[in-house]
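Each of the next two complexes has chain A plus one other chain: chain B in the first, chain C in the second.
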Partner chain A sequence: MTVLEQTKVPRSAGRRRRSPLGSRWTPYLFLAPAALFIVVFQAIPLAQEIFLSFTRTTLLNPTRSRWVGLDNFVRIFGDEDFHRTLVTTIVYVVVCVVGAVGSGLVVALLLNKGFRGRGVARALITVPWAAPGIAVALIATWMLNAQYGIVNRFLNAVGLGVPGGSILDSPKYALPAVLATTIWQLFPFTSVVLLSALQSVPHDLTEAATMDGAGRWATFRVVTWQVIKPVVGLLALLMTIWSLRRFELIWLMTKGGPVGRTETLVIDLYSNAFESKELGSAAAIGMVGVVISLIVIMGSRFVARAVTKENLR
Partner chain B sequence: MRRFRIGLTLRIVAVLVVLGIAAFPLYWMLVTALSSNADLFAERPRLLPDFSHFGVFVDGLAEGKVGGWLLNSLLIAVGTTVLSIGLGIPLGYALSRFSFRGKAVLTVVLLFTQMLPEALMVVPLFSLFRRFNLLDSLAGLILANVAFVLPIVALILKGAIDGLPRELEEAARVDGARPLAVLTRVNVPLIAPSIAATAVISFFHAWNEYVFAVTFIFTPEKQPASVGIANFIGELGTPIQTVMAVAFMFTLPAVAFYLFAQKYVVAGMTAGAVKG
Partner chain C sequence: MKKRRVRRSMMAATTTIIGVASILLAGCTADSGGDDGGVAKISFAASTFGDPGRGPLLNQWLEEFNKSQSKVQVSAAAVPYPTFGQTVLTQMGSGQGPDLIRFDMPEFEAASDAGLIAPLDDLVDVSKYTLLKQPDQFVVHDGVRHGVIFEASNYAMFYNADLIPKPPTTYEQFVETAKSLTKGDVFGLAFRQTEAEEAGVWQDIFNYVYGFGGKWSDGKTLTINSPDNLKGLQAYKDLYDAKVIPKGADAATFRRMFAEGKVGMELNNGGYVTATRGQNAKLNFNVAPIPFPVRTQGAILAPVVINEASEEKEAAATFIRWTLEPANQVKLQEILGASSVATVTQRSAESLKKTPFLPVFDGLTESSLPQIVLGFEAKTPDIRKVVVQNVVAALQGQVDLKTALDRAQQQATELVG
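Let's turn to the complex of A and B:
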């Protein structure tokens, strides 16, 4: 009995010969080094983090943990600040997804028609995506500087200056500023991916639609949108996962402030671990984030399946 | 005809606006680096770079340990790239060409790691590294970075190997080549573009990485540039021109290399993501 016979063989593998690539142990030899690596540096640390979320542990003495069951979860869910963190996280993620995918689509549509210099334009817009997050945080902080930042100078000049001066210290404008910076960094990625999707839209289909008298909007909705829909869905999922994970940009711009207005789950987790030194509640906050990501991924698969079914009907 | 012209003009104006938005912050970094103090704090700020202050870049490199920071970043990035590709190729190959017990689980685990934030893993990795004496070392940092890029590297390479015909391998095997030789001699040269894409992805992941570096490195001489530059934020001792010059030197290689390689990266990332 070979392993090959026991597992489900994909249909396309029918032409494969028996004992195709050496002994039954061959695949394990190939994957062992990487798998070991992932177990040691991802699986075991994650298990440890799950354990920590059920304990009270302080950073000052991290080897001593006291089992407290669900206490950490009960405490954070009863905490008003944590409710605000959840709301901020949701707002941050939703605006990032809509902003990045929406602006990406607009830019991709702009670049989809041929014109002279399109290649150069396409290369140049990827600059924000290629710039390191640290440098982006640094230049954004400088541009938003209360006294000498170019943004404030411009806003003051046109009479729209922020009262008090500092955008990043303003409970009202800090989150929009962080969001704008994030979307600025993300839109090149979404537009380049969407542009390649747009270029896979069959030309004769859009032409046929135009011939049938469909306007631009109708052609877009009936033909183009149908082709790029899966890519839009995939990008939305990617943007959600990335935004739930994003740390350094927010941390370096605001550290979650002012008064917690830019505190997402990851920021809350980090400041719990390294400022309050509460490893247990930090781990619990992290688990909430992991569960949210899992729900989003499962949800997206469910939606994708429903959409496929709808299309087949 | 006339309407067409207007449409085209509008499109070009819109593209120029987008380009301006994309490029302005980095341009502003350069302008700030090259401004004099008088320009910076004047009523009307200078909008064009003044290249007579080019010396700020030289001063920037001399300032503190900037050269050392950039060298550390380079070492970490190269180490991460080499190790993640070295581990990722055989894993991608195993996932693509073999059926084995636990394959489905392994694939799910690889995808699952993509949603774990680094900040979540800082604490357990810290205690792991302390036990194995890997704290405050570039080697430890490389291991942590590899753990985070290896899954995406392996998935992209799996996708690339999926696209290769099996006949080539079979021919080599008939000629008596052993499995490892089949992989290195037949498949690896054919997936070179995808390997390039994964190299770029892992290089930049490590070049830009901040959370692990700021927590695991204590000795200033071992800091990478990301940590050194982040320390400038909110600190008042260093002139802003020097800060911007250093940040620019940190950004430029990343952007230049990315522009050079972007064709591969976008194709590789989308292929990996779609197939995953």
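Let's turn to the complex of A and C:
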């Protein structure tokens, strides 16, 4: 009996090992589709972009490239308009992150309080986030329309009309208008995420702080903020990456105008690639964007590690 | 045993990779039509297929072609005007795209220069037809025919006849009329003035530049900042500053305003007669030559071309030959309204009764020019971008007009080498 059992066990184990699902290649099998996806849709295009950025290639003849070395980079960094584009990109990203996370936090704190109709308010607040970006851009454009827009009419009625009539055509007001629209679209997301983070703050900690005589601000700073800080960090990183990549809203509202005042890196890239048909310059601009994104990601990791170390101490 | 397991696993992994790759590649492959049971299926891209008024009529006209043919079937591809060139040129650059394309001149020149358009000389014998010489000369490069005029539409002054019983005949009268009509939500004039409508602004400022004796080049050198150009563009800016136009309104908006009687005048091409009627059949409007000092104005020349990458060039040429037949030219002209077509055609008595100002457009053909930079045809889209950006900067008060034109001259010169 004992002998039989001893012989049976290795047989069944042997059968399991023979199954492809049990082999050491199984992980590779499961990883293959994802790896293929990354290679086909990310690694190859990125390699192609790096190659293009060192060539003179036009969209009309993309197969005929001429190697120009660093010429594209020298040209774009020597162009004053590109300097303005970089500044606009930084302003756009910083204001979007601060505006979306800040307003989201305020709204989340309000929604975290008990009041009548809180459920309805929580549902309504998600509407701008749920709306497609194109719809948001078109609604904003109509609201800001010089002739029929409700915002313009209101501003004119109270004597604060924009000189020239059109907010989106004003070099002074176009970027603030685009930023306001972007933040309006983003803040529901940040508020919902932060609301869930706020709900995870232990009540006993806030009650203990209150009992120890801490005021609202001190309780928030010492207890609540410490709990939600990692979520805020993650949101800031997400908002930064999304803002660096945002295209449709800016393009539909202003196409980067007037006179380049709302032109971010992505808009400049698109304009170079598909309007000027200069794929080489566009790829060089794209590489600048990639480098900025890498700096942001590495910076955020550095900050996250520093915060973790500080907390451990 | 172990080797077999490894082999089996490798086979499974390879099959998965090949399967996924096949699906991905199948998704990436475009369907470009082609032969289907002996019938060549071709596509014809034009922004005008989406025009209110003209679009449905053009689609009916294509159906007439399809009914007349047993071996070729053409389908319409309506691409919106603002992104037409960009969309179609991108497709053509990658060896794809529609078989037939109705281009505007700047994009036509860019495509022609890049070798994306099939020469027509061996496909269509134009000597059989009486072509209009003035517009036709611009679609032949160094003796090689790259297209046939589909539509030639001269610019003129559209005016609301209820608001303006007698049209202005001088620039001073033009300004005075615009100012006197502007009141409340009615504007005396409308034109494009935002960077978002780059191609449209270019078309509009072309009339001011050439109407004041200027030109974008002398054929060899760019003359963007010449005194005459400055004079013409100053007139354009003065009207902008005089608040006689609905600022910020795009063409779609102010054309609707014109159709609703809220805009008194606009400079537009003959193609918009049908569209304007489509928006308001009761609008009492008329047309007169643009009252600028020099009688030279822009014209929308829109050639139809065959994509060099098309696998159905002969079928596409069949369509062009059908288009050039006299009866079909007359029908096309009726659809296009006040535009001309490739050949010399007679306006019908019915058309003249319905649209008495048709001779005004026809009379402008000899003095109309395509909106390209002569001598730098293929670079026109790039020069256009530079000029429009700088002119808009001047409109917005970022810089004075002379400095803007000097900057445009410098940037465009660097661009064309």
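The criterion applied here is as follows: the second predicted complex is superposed on the first by the 292 of 313 C-alpha atoms of A that agree within 3 Å, B and C clash if a C-alpha of one lies under 4 Å from a C-alpha of the other, contacts with A are read in each partner's own complex, and residues count from 1 in each chain.
Just so we're on the same page, contacts are C-beta pairs under 8 Å (C-beta built on N, C-alpha and C of every residue); 3 or more make two chains touch, one makes a residue touch a chain.
Treat the numbers as computed from the prediction; the structure is a model and nothing was measured.
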With both complexes superposed on chain A, which partner does A:42 reach: first (chain B), second (chain C), both or neither?
first
In the overlaid three-chain picture, which partner chain does A:257 touch, first (chain B) or second (chain C), both, or neither?
second
On the superposed three-chain arrangement, identify whether chain B or chain C touches more chain A residues.
B
Examine A:192 and indicate which partner it touches, taking first as chain B and second as chain C; both and neither are also allowed.
first
Touch check for A:276: first (chain B), second (chain C), both, or neither?
second
May I ask you to decide whether A:168 touches chain B, chain C, both, or neither, giving the answer as first, second, both or neither?
second
Tell me which partner A:62 touches in the superposition: chain B (first), chain C (second), both or neither.
both
Does chain B (first) or chain C (second) touch A:26, or do both, or does neither?
both
In the superposed view, which residues of chain A touch chain B and also chain C?
26, 28, 33, 37, 40, 59, 62, 148, 274
Can you list the chain A residues touching chain B in their complex?
3-4, 6-10, 13, 16, 21-22, 26-28, 30-31, 33-35, 37-38, 40-46, 48-49, 52, 59, 62-63, 107, 110-111, 113, 115, 121, 123-143, 148, 150, 153, 184, 188, 192-193, 196, 234, 238, 241, 244-245, 247-248, 252, 266, 269-270, 273-274, 279, 282-283, 286, 289-290, 293-294, 297
Within their complex, chain B touches chain A through residues 8, 11-12, 14-15, 18-19, 21-23, 25-26, 28-29, 32, 40-41, 45, 87-88, 90-91, 93-95, 97-101, 103, 106, 109-110, 113-125, 127-128, 143-144, 146-147, 150-151, 154, 166, 169, 173, 178-179, 182-183, 204, 207-208, 210-211, 215, 226, 229-230, 232-234, 240, 243-244, 247-248, 250-251, 254-255, 258-259, 262, 266-267, 269-270, 273-274
Contacts from chain A onto chain C in the complex sit at residues 17-18, 20, 23, 25-26, 28-29, 32-33, 36-37, 40, 58-62, 145-148, 164-166, 168-171, 254-260, 274-277
Which of the residues in chain C end up touching chain A in this complex?
1, 5-6, 8-10, 12-13, 16-17, 20-21, 24, 86, 89-90, 92-94, 110-111, 113-116, 185, 193-196, 246-249, 253, 257, 381-382, 385, 389, 392-393, 396, 398
